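Two complexes come next, and they have one chain in common, chain A, joined by chain B in the first and chain C in the second.
Showing the complex of A and B:
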């Protein structure tokens, strides 16, 4: 129905090198030819270009511009910026919902957080889930994309099937896999029993390590298709000339992958991993459904621990301080990541 | 850019695109063993991705005697609709209504505010590059950071404006609207970039107002983008769990919260939980199929312009 943008975007002047084209991975025959890569989290690249501005009554334009932005800006200030500042205020207070007094305690919350073993354990779990999960998502996604990329007819049929997990409601994914992992009636133990004999009884969600593994596999199930679709689109867009030249030179599959495919899509890989990483770090739903942090508090994640602090112990100030520490940590990691893999990746 | 030039470019690019798979294919010679391996791997992957969905759909039609057994029954002996009936009567209809009202309102509000802002950013370059990036960065934040201040704010606001208090639909609508805004602005801006400036300029010269140009020219041409971003906003609002579970209790409970309410039960309520899960998932599947083309672009906030 809406096959493509009605018009291609204007050529970007002063942009970086020419970027490869991408299709949606759905239908190579009709793919959107207007596409270009844009370093998404790096909007400098696309906005530092002098835009063709309309008729030059720029004072009026500026006023019009802010009038149009106003509703969105007001909402973001009221429900995005203000709560964040409020949270910073809370972080410097001992703000327990049960006690009426809320004294200013300076950096005490932050100091307590640094010595909080439960926080470190939650952070460790979160990073393990994020890193291990994304590694597998990337490898499996890349493998499937490579298997499908030169089968255009099958691709059209298979992509809509593979993409289904991404479209599931996360809490439904949690519930579904909660039933699959069940040690008594779950399908996973059932299949394992068929292989390893009836005595097998893995209590997946009742032990720390297996519960973490279960969360990772569940995440892999839901998000590998995302990697797959993005990588498939990127690989389909690599110029066929490169492959022809490689074939003439007698390059084998691995050489082609290492020297042509991966370098050509390096930029997209970096962006996709960043998005998945930021998203995976929020993991909350699976903990809620699978273990609620048990046994003990060993399967807690960062989001879950903050939720617990705030709404089980009602330690609003402390929860806010930890939120801020995590926000700072994520900003630093993301900044380093962007500098290392995305901004530089554009050149080289 | 003139339309015929654009068309010629499109045609050229389309030719390149069509040839691409052929070139890929010729790069590798066909070997029967490898292609058997390839197809069986794809088959295994398809089973892996589909099986859990199959499992929960079938579960919703199974009697407890079929799912509380060892080994589990794969296909129900007597398919039943009882779970749907029970769960919808007890809490399903209320949750469905809440979800529909909240997700629809949040989508509509965020589309209105977001499209206006996106147009302003794309055409009038409002606030410059730093402003645009700041808007997007609002989306990068882990939502859990805001959960404590939201909770306390809603307690305070609720005393004055009852529909924006705790356990009210209004407050979830407001929150989801704000969470949808950054990516709507970001995506719609890239769609507006694709609308040729010349059309708008000539309309301005003919005496149209800025808002008239926006409504009559830019918006219709960016309609595909509007539908795609709207779908993403709806899906986010429909599936969100963290805010919903903290900020609602009985009155404004949405489908994900209602489903999560079954998580404590050791198997006995799996049928009902699955039935509600199917009810919650079906609309998303349908919507996503409709906008599949825009999936890559939406998922990566326009990183891959697909």
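Showing the complex of A and C:
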């Protein structure tokens, strides 16, 4: 924001305004372009300007900054920090629908969570979906990026289409794919029957294993474009000189991929996988639409289980404790991951 | 405490509620808390004199609770009532019929707030806990009453009834539904939806001479409406084989979230009990449980492939398309819609191929399940309790409720004697009288959902055990999981209190039939 300089330099006779030059020790003749270094005027040397009264310029600047930031800060405190702290409070208390009182119970909720087989099953399901999904998203995304990186005209046309799934609301994706997975009228079984015969009738969303596969494939469909866009940008930024030099040395596609492309973009890959992994861990909408955690509780994910505990059964204390345990777990995993893959040699 | 079938010990229940209140007060005193919300709320007594007089005058002149409600509600003209309701088709009643009519009569605006059924319980509880005052009129599945009362969500209604209602209207409720309004000796809600499950079958197929001869020759007993599950299974298998993959003998809802009712009904019809009365240990893995779950899985084999994912809409579509000989139990709207739907709200319902061909029956083994249903309660957080009560009274009054259960797009099902006996309703289609008589007979002998604290969790546990078995777990494994889940819920809520609550449940007509 433009601000009028309250301390303009003194006018020189002759009408021209000149600023004092400072000797920086650089010979202008040795520089590619002329650079004029001008020191800021020292307000204390201006004897014909009196210092204004009231708050200092920097103090007023700070106050104005707080005024601008305060509404957003209030929102973050109200919507983020307060719920976070209150849920931590709940985690140490018994809070459920049938018990009017909310007694302090220490670590009981945490102990119960660590011994909860259903939670471990949900975590296992979640990690399977995350790891398998991300592996395929990365491989397919990388493949698409490598295909299109050298086709700028096609890229311009294809990329906006490819990223459409990412822009779709997850619940819409879930509802649409649920129809595709329908065993009787869904397109997927229809195509499979065309290939394998009319006898095939996979009840995708009615069996544990096939339901998990359906969720993974749906996730891959929606989120591969994210990986594709990130990797495409990363590969595009690799210097073409490296590829030219490699070509001169007789390197083939795999050599350049293994020794130039992947090493050059490894940090971008690591960040993309981290972001995608943390996002994928929260998977909820597909569980809600596809199976509601069934058959039994075999397709429950961590988010779904917490939702069920907290918002269907109103066991808020226990749900909060599980949430914090998962937060701790993910923090540890992310910290180790960052140290291993993102920081170079352990340094930032 | 008497446990004779048909007798409900209200005094004992009242003592139970009082003992829980005292225990709560002790806990609260010990904890230093003093939230009055968990103690039974004081009876409302701040009635508006002009409203009461208007209602009393109307009752003297007409004895009509609807007229009385309108006359009294006009004193609150200009206000708005927030009414939480099941979303989608159920909400059409509020949007297109009841809401506009009430506003025209009284000047009170109805703001219907729809919530999908799976979220109805949690949204109402959450709003109450948050003290938002978001809802005036609550939609309360009777099985939720204990949990709602534990949070102090429901206003006792007797004082309102004393001031505003022609109490003879209470006798017009079917006795089953009348009981569902009570808890611990207090009326906490007005009943509004008779969701008794019945069996639907194709009379034309059952009465076809060729089918009858063929079936009897193959099975050794005549083709007739099944009275046992073995007969049902045989009939279903017969028609499925005959259909060659294009039509089937029957279908039932098996999708997660809905299937628990079918297990609950058959399990108790076969003599099963949810708990051991002495120890309060769950007894789902009894012989009745094994037989029920095994039979359900066996019947799935002669239902359409993929029935494990079929819910209300899938079964309805197959039935309306004429591809099912039976529907193994579902809600009353099937009966009406089978005869044709002409309104825009039901344009998603497939065109009926079965009009004039449908017969109705109580479920095999003689006891249908009353699955869900709705009471209308008044939120203790409502700033408009009187107006909210008057709207509920008007909605459930004999004259208005009859119109509502006959709406062409209605999902509200008959629940008053006057509904079942209505000449207009009985003349709606060829055998509408049979339909209403069957619903009434089913209500006479029906089974209730579990009515105890934690009922929502118990029902989810039942749902999980059925879907686990459908998903590949062995029957023993699935029942063991369900039993464990039940015991965990009981232990967490408290064995002692749940034992008492269970005693009260089994004293209700409709808990079990021995």
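Convention: the second predicted complex is superposed on the first by the 279 of 348 C-alpha atoms of A that agree within 3 Å, B and C clash if a C-alpha of one lies under 4 Å from a C-alpha of the other, contacts with A are read in each partner's own complex, and residues count from 1 in each chain.
As a convention for this text, a residue touches a chain if its C-beta (ideal position, glycine included) is under 8 Å from a C-beta of that chain, and two chains touch if they have at least 3 such contacts.
Computed from a prediction, not measured in an experiment: that's the story for all the values here.
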Partner chain(s) touched by A:138 [first = chain B, second = chain C, both, neither]: neither
First, second, both or neither for A:311, with chain B first and chain C second: both
Contacts of A:182 with chain B and chain C, given as first, second, both or neither: both
Which of chain B and chain C A:149 touches, first, second, both or neither: first
Touched chain A residues, chain B compared with chain C: B
First (chain B), second (chain C), both or neither touched by A:162: first
Chain B versus chain C as contact partner of A:240, first or second or both or neither: first
Chain B versus chain C as contact partner of A:302, first or second or both or neither: first
Contacts of A:76 with chain B and chain C, given as first, second, both or neither: first
Partner chain(s) touched by A:86 [first = chain B, second = chain C, both, neither]: first
Residues of chain A contacting chain B in one complex and chain C in the other: 182, 184, 311
Chain A residues within the chain C interface of the complex: 96-103, 182-184, 201, 203, 205-208, 291-298, 308, 311-314
Touching residues on chain C, where the partner in the complex is chain A: 24, 27-28, 31, 33, 35, 38, 118, 121-122, 125-126, 129, 147, 150-151, 256-257, 304-306, 308-309, 453-454, 456-457, 460, 463-465, 467-473, 478, 481, 492-494
